[in-house]
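Here the chain labels run A, B and C in written order, and each chain numbers its own residues starting at 1.
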Amino acid sequence: MTVSYRLSEIAAQLGGRVMGDAEVRISQIATLETANSSQISFLANSKYRAQLAGTRAGAVILAEGDADATDLPRIISDNPYAYFAKVSALLNPLPEARPGVHPGAVVGTGAKIDRTASIAATAVIGEGATIGAHSVIGEGCSIGANAVIGSRARLYPRVVIYHDCVIGDDLIAHSGAVIGADGFGIAMDQGRWIKIPQIGRVVIGNDVEIGANTTIDRGALDDTVIEDGVKLDNQIQIAHNVRIGAHTAIAGCVGIAGSTTIGSYCRIGGSAGILGHLQIADHVEIAAFTLIGKSIREPGSYSGIFPFAATKDWRKNAVHLRHLDELARRIKALEQQIESLKQAPSREPEKRKV
Amino acid sequence: MTVSYRLSEIAAQLGGRVMGDAEVRISQIATLETANSSQISFLANSKYRAQLAGTRAGAVILAEGDADATDLPRIISDNPYAYFAKVSALLNPLPEARPGVHPGAVVGTGAKIDRTASIAATAVIGEGATIGAHSVIGEGCSIGANAVIGSRARLYPRVVIYHDCVIGDDLIAHSGAVIGADGFGIAMDQGRWIKIPQIGRVVIGNDVEIGANTTIDRGALDDTVIEDGVKLDNQIQIAHNVRIGAHTAIAGCVGIAGSTTIGSYCRIGGSAGILGHLQIADHVEIAAFTLIGKSIREPGSYSGIFPFAATKDWRKNAVHLRHLDELARRIKALEQQIESLKQAPSREPEKRKV
Amino acid sequence: MTVSYRLSEIAAQLGGRVMGDAEVRISQIATLETANSSQISFLANSKYRAQLAGTRAGAVILAEGDADATDLPRIISDNPYAYFAKVSALLNPLPEARPGVHPGAVVGTGAKIDRTASIAATAVIGEGATIGAHSVIGEGCSIGANAVIGSRARLYPRVVIYHDCVIGDDLIAHSGAVIGADGFGIAMDQGRWIKIPQIGRVVIGNDVEIGANTTIDRGALDDTVIEDGVKLDNQIQIAHNVRIGAHTAIAGCVGIAGSTTIGSYCRIGGSAGILGHLQIADHVEIAAFTLIGKSIREPGSYSGIFPFAATKDWRKNAVHLRHLDELARRIKALEQQIESLKQAPSREPEKRKV
C-alpha cells in the first residue's frame, strides 16, 4: 500500500502542468491542514488561498488562477478537485481480489462466472446468473437467478441483487444495498390487500455507484431504470418503475415514489422526497428535506424546507400556520377598509354641510 | 414460465364476465401501451378510456361502465385493478423452491423445520426455532432462537428475525428486513446512558408483507404487534411497542416512534413520521412527508407538507416564517387602529368645535 | 432464564433502600398494569402515582417522594427509571455465546481472535482483523481486513464493518448496520462524476450502541468519529467525516451530512437532518423532523416542524406560504397608509383653509 510517485510521474499520467520541484515524491493525499512532506494537498476554491501559507504538504494541486499563490511544488489543473480525486485513485488502488470462486461460495447451475471474477466465501450466485470480467462479489452477497452483472463490478459484502436484474459495467454497490426487491404494489379487494406481482426488472447502466442499505425496487410491469453514471448515496429508496437519468447524483435518505422520471445531471439533497408519477427535467437541483409534489419542467434550484428556530420561537410562530388563510383574509379586509377610509374625507365635507 | 390461459379459463378461475372471443390465449400482463396480442391489459379508471383505442393487447379487463368501450376480448369485473392483480398472480407463479435443508444451511438444536419447507444455503436457523409448511427461507437469512414462522412464508435473502419473535402465515419479507432488534431504550444515569433490556417480542399476524431494509423493533416489556394484512414498503422503521392495525398500508421510509398505536385500514404516505405514545384511529390517511405530533381520533386525511418552490422564491417567503407571530400582531394592531379611525369621524365634529 | 432474586439481594447489588417485605422473590420486570406477584414494576413519574393503587406487582421501584404512596414491597431510588433498567439487566442476562470459532465461519490470514470471543457460522473475519475478549460476532457478519473490535462487543447477525475501522469496548451493533462504507465523495469532471477514494476510517469509542440498518461512512481523508457512549437508533445515516460527541443519543432515521461536528449530550429526534460542515454545540436538543441548516452555538431546544392538519385545512393554509412575502409587504403598506390617515385630520383643517 506504500505506492509513491514523483510529481512529474503524476502529471505524465494525469495531465496538468508542474511548477517547482517535479522530483518530489508523493505517497498520499491529505488536507492542507494535515498534510506532511510526502503528501499532496489541493486548493479547490481560491477563497481558502490563505490556508496555503501554513501547509506542510510536499506539493499542492492548484487552479491556474492560484498558480503563483505558493512556492511549493505544484500541479496546475483546470479542475483541482477532480485532479485530486484522480491522484487519490492513483495513490490508493483498491486491494486486488483473488480471481476465482471461493470454496465457501455457492454457485447455482448454469451460472456464468468470468474466470477473472472473484466470488467470496458465503456469496451465493443464482442459477443462470452472469458475472463479468474482473468483478468482485463480496462475502454474503446474493445474486439472483439469471441476473447479469457486467465487468469490473465491486459488490461489498451483503449486497442482494434479485433475479433477472441487469447491470452494466463498473458498478460499485455497498453493503446492504438491495436491488430488485418487489415494488410496493397492492390492490384493495373486499377489505384485503392483494399483491400485484412485480414482473419488471431493475436495469442499471454503466459506472453507477449505490450506497449502503440503498434499495431499488423492480418494476411492476416494465423495468425500473438507472442510467449511466448515476451516483446514489446510502439509504435511498427508489420505488418501482422510476427512471433516473444519466449522471444524476442523489444524497442519502432520499425517497422516490413509483413511476417518477428524473432527468440527467440532477442533484438531489439528503432526505428529499419526490412523489410518484412525476417528471423532473434535466439539471434540476432539489434541496435537502424538500418534498417535490408536482412535476418540474425547468432546470433550476428548488426548495421546500421549514426553517428551524429555538423551540420556543418556533412554537410561537408555527401556531399561525394553522390560520394563514384567516390572516390573509384579515389583510384583505383591512385593505378594503383602508380604501373606504381613504375615500371618506372627500365625502366628509359634504356630510359636514348637512 | 410460459404459462398461458384462455380468457374463458381465467374467468372460470377468477370470476368476471367474458365479452368477445373467450378463446383468446393470454400468457402475460402488460400496460395498454405496451401489451401485444398474447397479453392482457386493464383499465382501472374510466378517465383513461381513450387509451383503449390504441392498445394492441389481446384482451382487456374493464369495469362494468366501460364494458362497451372496446370490441377487444374482455373480462368485466367490479374491480379491474384487483382482477388484474389476480390474473398476474395466475400468470406469474413464484418459482418453486426445493423442499429441504440445503447442506450449506446451519440448523440449531431443537429447531422444528417442516419437511415441505425450504432452507437455502448459508441460512441459519436458531435453536428451537419453528419453520412452517411450504415456507422458503432464503440464503443468508438468520432466524433467531425459538422464533416461530408460520406456513407459506417467503423470506428473501438476508432477512433477520431475532429470537422469540412470532410470525403468522403467508409472510413475505424482503432482503435486509430486520425483525426484532432491540428497541431504542436508554436511561440516563449519572452522565451515562444505560441500556434498558428489550424483553418483549415482535408478533406479526397473517398475510403481512415487509419491504427491503425495513426494521421492526422488539418491545421493551410487552410486544410490538403487526396485525393481519399489514403491508409495509421498504426502509420503514417501527419502534418498540408500536401496534399497527389490520390491513394498514405504509409507504417507504416512514418512521413510527415507540408505543404508538395505529388503527386498521390506515394509509401512510412515504417518509411520513408519527411520534411516540400516540393513538391513530382506523381509516386515517396521512400524506407523505407529514409529521403527526398528536393523536388522531377521527378518520380522514391529514397533511403537513411544506410546499416547494424555486429556491429564490422559497427563500423570500420562508424568511417570514420566523416572524409569523409578529406579522399576526401587526395585523391585530392594524385592525384596532382601523377601528379607531372608523369611529373618529363622529368624534371629529366635536373636536373641531373646540 | 428463570433467574430470581429477593428484593434484599437486588438492593445489595444495585443500591437503593428497601421498604416493606425484603424477602419477596422477583423474577421479571413488567409495567404496573401487567405485572404479577413475581414481577417488579416502577414509577418513573409521580404524576402516574394513581396507577400504583391497581397494580398486582410483587414489588415496585419508587422515587423518594413516592416512598409512602403504596404499601407494596419497594425499593426507593434517586432515579427509578435507571434503577429499573439495572434490575432488568440483572433479571435478563444475555444468553451466553459459546467461545470459539464455528467451523462454518471464515477467518482470514493473520486475524487475531481472542480465545474467549465467539464467531458464529457464516461470519467472515478479514485478514489481520482483531476481535477482543468475550466479543460475539453473529452469523453473517463481515469484519473487514485489519479492522479492530474491542472487548465484549455484541454484533448481531449481518453487521458489516469495513476494513481498517477501529471500535472500542462494549459495542452493540444490530443487524444490517454498515460501518465504514465509502462516503459519498464525487467530483464532476467533463460531464462525468469521478469517485474520490475514501481513505479515512470510522473510529468508534467505548460503550456505543448502533441500531439495525444504520450506516456510518468512513472518512474521505480523515476519520469519521463516534465518541464514547453514543447511542444510535435504527436507520440512521452518518456521512463521512462527521464527529459525534460523547453520550449523544440519536433517534431513528436521522441523516447527518458530511463533516458536521455534533457536541456531547445532544439528543436528536427521529427523522431529523443536519446539513454538512456545521457545528452543533453540546447539550443541544433537536426535535423530530427538523432540518438543521446552520450551526448551533448555544445549548437548548430547536425545532422546525410543519404542523399537520386535516388535509382540507392544510391545503387552504399552505397555499399562502407561496405568498408570505407579498402578505408581509401588504401589511407594511397598510401600516403606512394607516399612519397617513392618522395624521390626516390634523392636516385637514389646513388643507380646507385653502
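Criterion: a residue touches a chain if its C-beta (ideal position, glycine included) is under 8 Å from a C-beta of that chain, and two chains touch if they have at least 3 such contacts.
Remember, it's a predicted structure, so these values are computed and weren't measured experimentally.
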Interface composition of copies chain B and chain C: same or different, split at half: different
When chain A is superposed on chain B by its C-alpha atoms, the rotation angle in degrees, nearest 5: 120
Distance from the mean Cα position of chain C to that of chain B, given in whole angstrom: 25
Residues of chain A touching at least two other chains: 122, 140, 158, 176, 213, 235, 253, 271, 305-307, 309, 318-319, 321, 323, 327, 331, 334, 338, 341
Chain B to chain C touching residues, read off their complex: 106, 122, 124, 140, 142, 145, 158, 160, 162-163, 176, 178, 181-182, 184-189, 191-197, 199, 213, 215, 217, 221-222, 235, 237, 239, 253, 255, 257, 271, 273, 275, 285-287, 290-293, 300-307, 309, 313, 316-321, 323, 327, 330-331, 334, 337-338, 341, 344, 348, 352
Chain B - residues contacting chain A, complex: 28-31, 34, 79, 81-82, 84-86, 88-89, 92, 95, 102, 104, 120-122, 138-140, 156-158, 172, 174-176, 207, 209, 211-213, 229, 231, 233-235, 247, 249, 251-253, 270-271, 288-289, 305-312, 314-315, 318-319, 321-325, 327-328, 331, 334-335, 338, 341-342, 345, 349
